[in-house]
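The structure that follows is given in the form of structure tokens.
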Amino acid sequence: MLDHSLDRHLTALLFGPDKPGIVASVSNWIFNRGGNIRHADQHRDDAAGVFFQRLVWKPAETNEAESEGQDFAVFAREELGMSCNVSMDNEEQRVGIMVSKIDHCFHDIALRFRSGEFRGKAVVVVSNHPDLAEAAASYGLPFHCVPVTKANKAEAEREQIRLLQEAGVSLVVMARYMQVLSEDFLSNIGCPVINIHHSFLPAFAGGRPYHQAYDRGVKLIGATAHFATADLDEGPIIAQDVARVTHRHGPENLVRRGRDLEKAVFAQAIRWQLEHRILVYHNKTVVFD
Amino acid sequence: MLDHSLDRHLTALLFGPDKPGIVASVSNWIFNRGGNIRHADQHRDDAAGVFFQRLVWKPAETNEAESEGQDFAVFAREELGMSCNVSMDNEEQRVGIMVSKIDHCFHDIALRFRSGEFRGKAVVVVSNHPDLAEAAASYGLPFHCVPVTKANKAEAEREQIRLLQEAGVSLVVMARYMQVLSEDFLSNIGCPVINIHHSFLPAFAGGRPYHQAYDRGVKLIGATAHFATADLDEGPIIAQDVARVTHRHGPENLVRRGRDLEKAVFAQAIRWQLEHRILVYHNKTVVFD
Amino acid sequence: MLDHSLDRHLTALLFGPDKPGIVASVSNWIFNRGGNIRHADQHRDDAAGVFFQRLVWKPAETNEAESEGQDFAVFAREELGMSCNVSMDNEEQRVGIMVSKIDHCFHDIALRFRSGEFRGKAVVVVSNHPDLAEAAASYGLPFHCVPVTKANKAEAEREQIRLLQEAGVSLVVMARYMQVLSEDFLSNIGCPVINIHHSFLPAFAGGRPYHQAYDRGVKLIGATAHFATADLDEGPIIAQDVARVTHRHGPENLVRRGRDLEKAVFAQAIRWQLEHRILVYHNKTVVFD
Amino acid sequence: MLDHSLDRHLTALLFGPDKPGIVASVSNWIFNRGGNIRHADQHRDDAAGVFFQRLVWKPAETNEAESEGQDFAVFAREELGMSCNVSMDNEEQRVGIMVSKIDHCFHDIALRFRSGEFRGKAVVVVSNHPDLAEAAASYGLPFHCVPVTKANKAEAEREQIRLLQEAGVSLVVMARYMQVLSEDFLSNIGCPVINIHHSFLPAFAGGRPYHQAYDRGVKLIGATAHFATADLDEGPIIAQDVARVTHRHGPENLVRRGRDLEKAVFAQAIRWQLEHRILVYHNKTVVFD
């Protein structure tokens, strides 16, 4: 939900080599410009010697927020040697949704976008099948069908990228999109891509995970939201959850129960990303919840 | 806890090819001898065509319970073609505990045995290290140290089997026993063996699972109780649970959090086994909870 | 989902005074008519001396299923002295939905009905506000607005009953319907009514439960699905779940997190009811899951 | 566990009226003395206008840690107008345990103290019954039995306070101590008192909560750790958890399942308190986990 108490606020995500005085340097920089820090979360990975921070602050009334954000990023990079991203909380984030035929995750997030639960806006739906055209229309979302075959995959992905970038997306979410995105797609799309996998990764990577889970006789099934990377199902994990199952649940029951898990975990990951709460390093995530 | 309302009750676990009329045949057999069925749980694996049942009944006052149980088993095998085990609820089950150096699971179940929470009795502790001798003594439990090396493993296992069988155990539980039991041990011990693995299997099988989990960046850690089989960490799963972790939890934190999971899951599996609630087939379990 | 493997199956829910031989009598009755019991769950409340059973069976091909069901009910009532309901699994259950303005539970169950996840059909929406007319239309559901004021409540409820009964409902679900149904309504509607309350009952009964929870500083929030009775929030509990919250979650966050709980718990209760899994006695439920 | 990487670290807990620049002032104060902030968690209660912070820092090698801590507290109080407590992470915290007859929570925390899981030391056990004398001895803990009757309660409490204070405790934990502590006790003991209540408060306050839960037919049972206050079961909640139950669980089963919840929740609360993670205000807690 667009939190209007956050108007004119800036959010910075930064990380880099740990050293004494970082917390003080950062808070001083803001304080000296008349800003007021609303939230500040830190984390240290002591083994790796890496420092992480999420900062939310309100610049002085007399300062122009956008340029203060740019100045801060320069400061963090050049004086602290950190990676840094700064975003303005009133800037509209545009989200592209990729789907195939399975629709529960699509409906779930489309309803959440429409109700204002996410700090962002769904702007386009891209699919490799025509099935969800009507569903997309019912939410007022432009829908593009780009069939993907083995033969045309590279070309199809270029078209998908064109459609998503034309819509100005800063986040792509795969709502049970049943194709593997190529390394090319991921390096050219220019924004993060979040996928929902229907198992508790790393267990049951690959296809038909509920059937794999049934065959192994596990007592819990899971779902995992992660950033898509070229290594299928190996990207940084953002959120996971599980549900209890028994011998009474056949594969179809696991699929049904799993749908609720997938929706909840996927929405959680999207919410965190749109609120600038996630940092990625070493193929893992730091989530400042 | 020994439930005295169950005195003179019999519990049968049976499974085999499904066919019409099984439920009626079984309940008739008992009813015609004046018995009263207290609980009856069924399950059908429709894909495999297998029928499972757990029955608890009280024979007529005039009948000798033990021989009625034996008669029932013969009936189930010969007339219904089912595998069948019948146990008397007032028979004492004797449990052997295998440990190494890590003690939290040992203390946890020793206290549960002592408080009467389990329907059985701990009777012997066998270890490959001397460390827990005093702890075992504090619970009044005989403790045997049988060091295991690569060279003496076969001989050591024969000695372990001798000690466990001498104590008359009908169940062996591995309370973080840090050695793989050989196929020889498992086929000669003559009773089920329950192991606790410190991960959500099949994720992170093998050694140092909490470190594996940390490296992969999962958001939930787990524990799995399973029957030990010759394939390490591949036996039928009995119980599993998970706990939420974040980037703030280093490997040591995962170990600490995991301890509580291991205790709860291990105790759950032991309780179910001692209450004759578990059937194994196709490397999976049916748990009549 | 309509499980076609259940075609021609009958489901009986029965309960009454416990006595020896019930299980055998019941299974014999079915077996003697050539029927095959697919599932049979029993429960005994030993303290209250009450026996409960859910039976699913397939009558012989030569028998007419509906009349066998009626015969069974007569047998259970007259010969066993039990309360008994028998339903045919291929009979269509019609569900009426009551709503006000809040729409997340409505959308959630409407999508589940549409996807075939429930063994039943949503047939009518009745509201005290016009707000969700368009949403109902998007699912092809007839929508009736019956404004309710203090002055017209009795009359409005009569009109609601008329609309629901005209639609032939055998279940009414209150998808965050924000009016208390009177004792008159509940005794005249002629079918069960399921409500979703947005707290872990009995904690925080009454209005604004998330604000109550925030003020008390609880670390978990909950949702409860229960049968509506004349005592507000005091009816038999069907399903409950909770989610973890921290000091960082203000009342608005609790409301948002709670929405996901409400949807899941409400859907669970509706699913169980439509699958004839719930028995009510002593203001509690027995759920044969 | 005593974390030796924290040697010479200071932990401050502070809260008070929110105002711009607090984060910068605090981090500057530390940085200017050569200290290095390891962790800094903040929270704002926007509605109440209150700022909360937990800080962990390592003073410069040349500074005396204890006096830097005292100086910081003076600074926080006088210059920032905050409440502030500073503790040294290598100072030994001494914990007094109050018990009656029920022993599962006692054994659980005694084992955790012995294994070094808590950042503190159990130093004395005070009971109103002699039953756990031997158990206390097995952990090497001094045990004092002070019988409490209606007639002698005031006097008995004075004796309890004397024993606890003589042992130098800075925390008292009620491990299922089955007496209400009077307002007098709580205002004179001079340190926090943590109680474990065997329900999900505020549901089922008062006596026999598992039986209350059974009678109401809830589908989840809970446990709550809270600071003891003069209002029974109304103190600030620190930790809560729940477990799923069904109609098959009688009151005795709820008691057994509840024991595991109580142990986990109680241990969690004690761990947080000993790690200086809990701030109390408005009868609620802020837990910097």
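Just so it is clear, A, B, C and D label the chains in written order, and each chain counts residues from 1 on its own.
One rule holds for everything that comes next: contacts are C-beta pairs under 8 Å (C-beta built on N, C-alpha and C of every residue); 3 or more make two chains touch, one makes a residue touch a chain.
A quick map from chain label to UniProt name: A, B, C, D = Formyltetrahydrofolate deformylase.
Nothing here was measured: the structure is a model prediction, and the numbers come from that model.
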Between A-B and B-D, the pair with more C-beta contacts: A-B
Centroid spacing, where centroids are CA-atom means, of chain B and chain D in whole angstrom: 36
Whole-Å separation of chain centres (CA-atom averages), chain A against chain B: 42
Multi-partner residues of chain B (at least 2 other chains): 46, 248, 289
Chain contact graph, described as a line, ring, star, complete graph or other shape: complete
Footprint of chain B on chain D - complex, ascending: 1, 103-104, 107, 111, 115, 117, 138, 248, 252, 256, 260, 264, 267, 289
Chain D residues touching chain C - in the complex, by the definition given at the top: 43, 45-47, 200-204, 216-220, 222, 236-242, 246-248, 250, 282-287, 289
Contact set on chain A toward chain D in their complex: 5, 20-21, 23-25, 27-28, 30-31, 36-42, 44, 46, 244
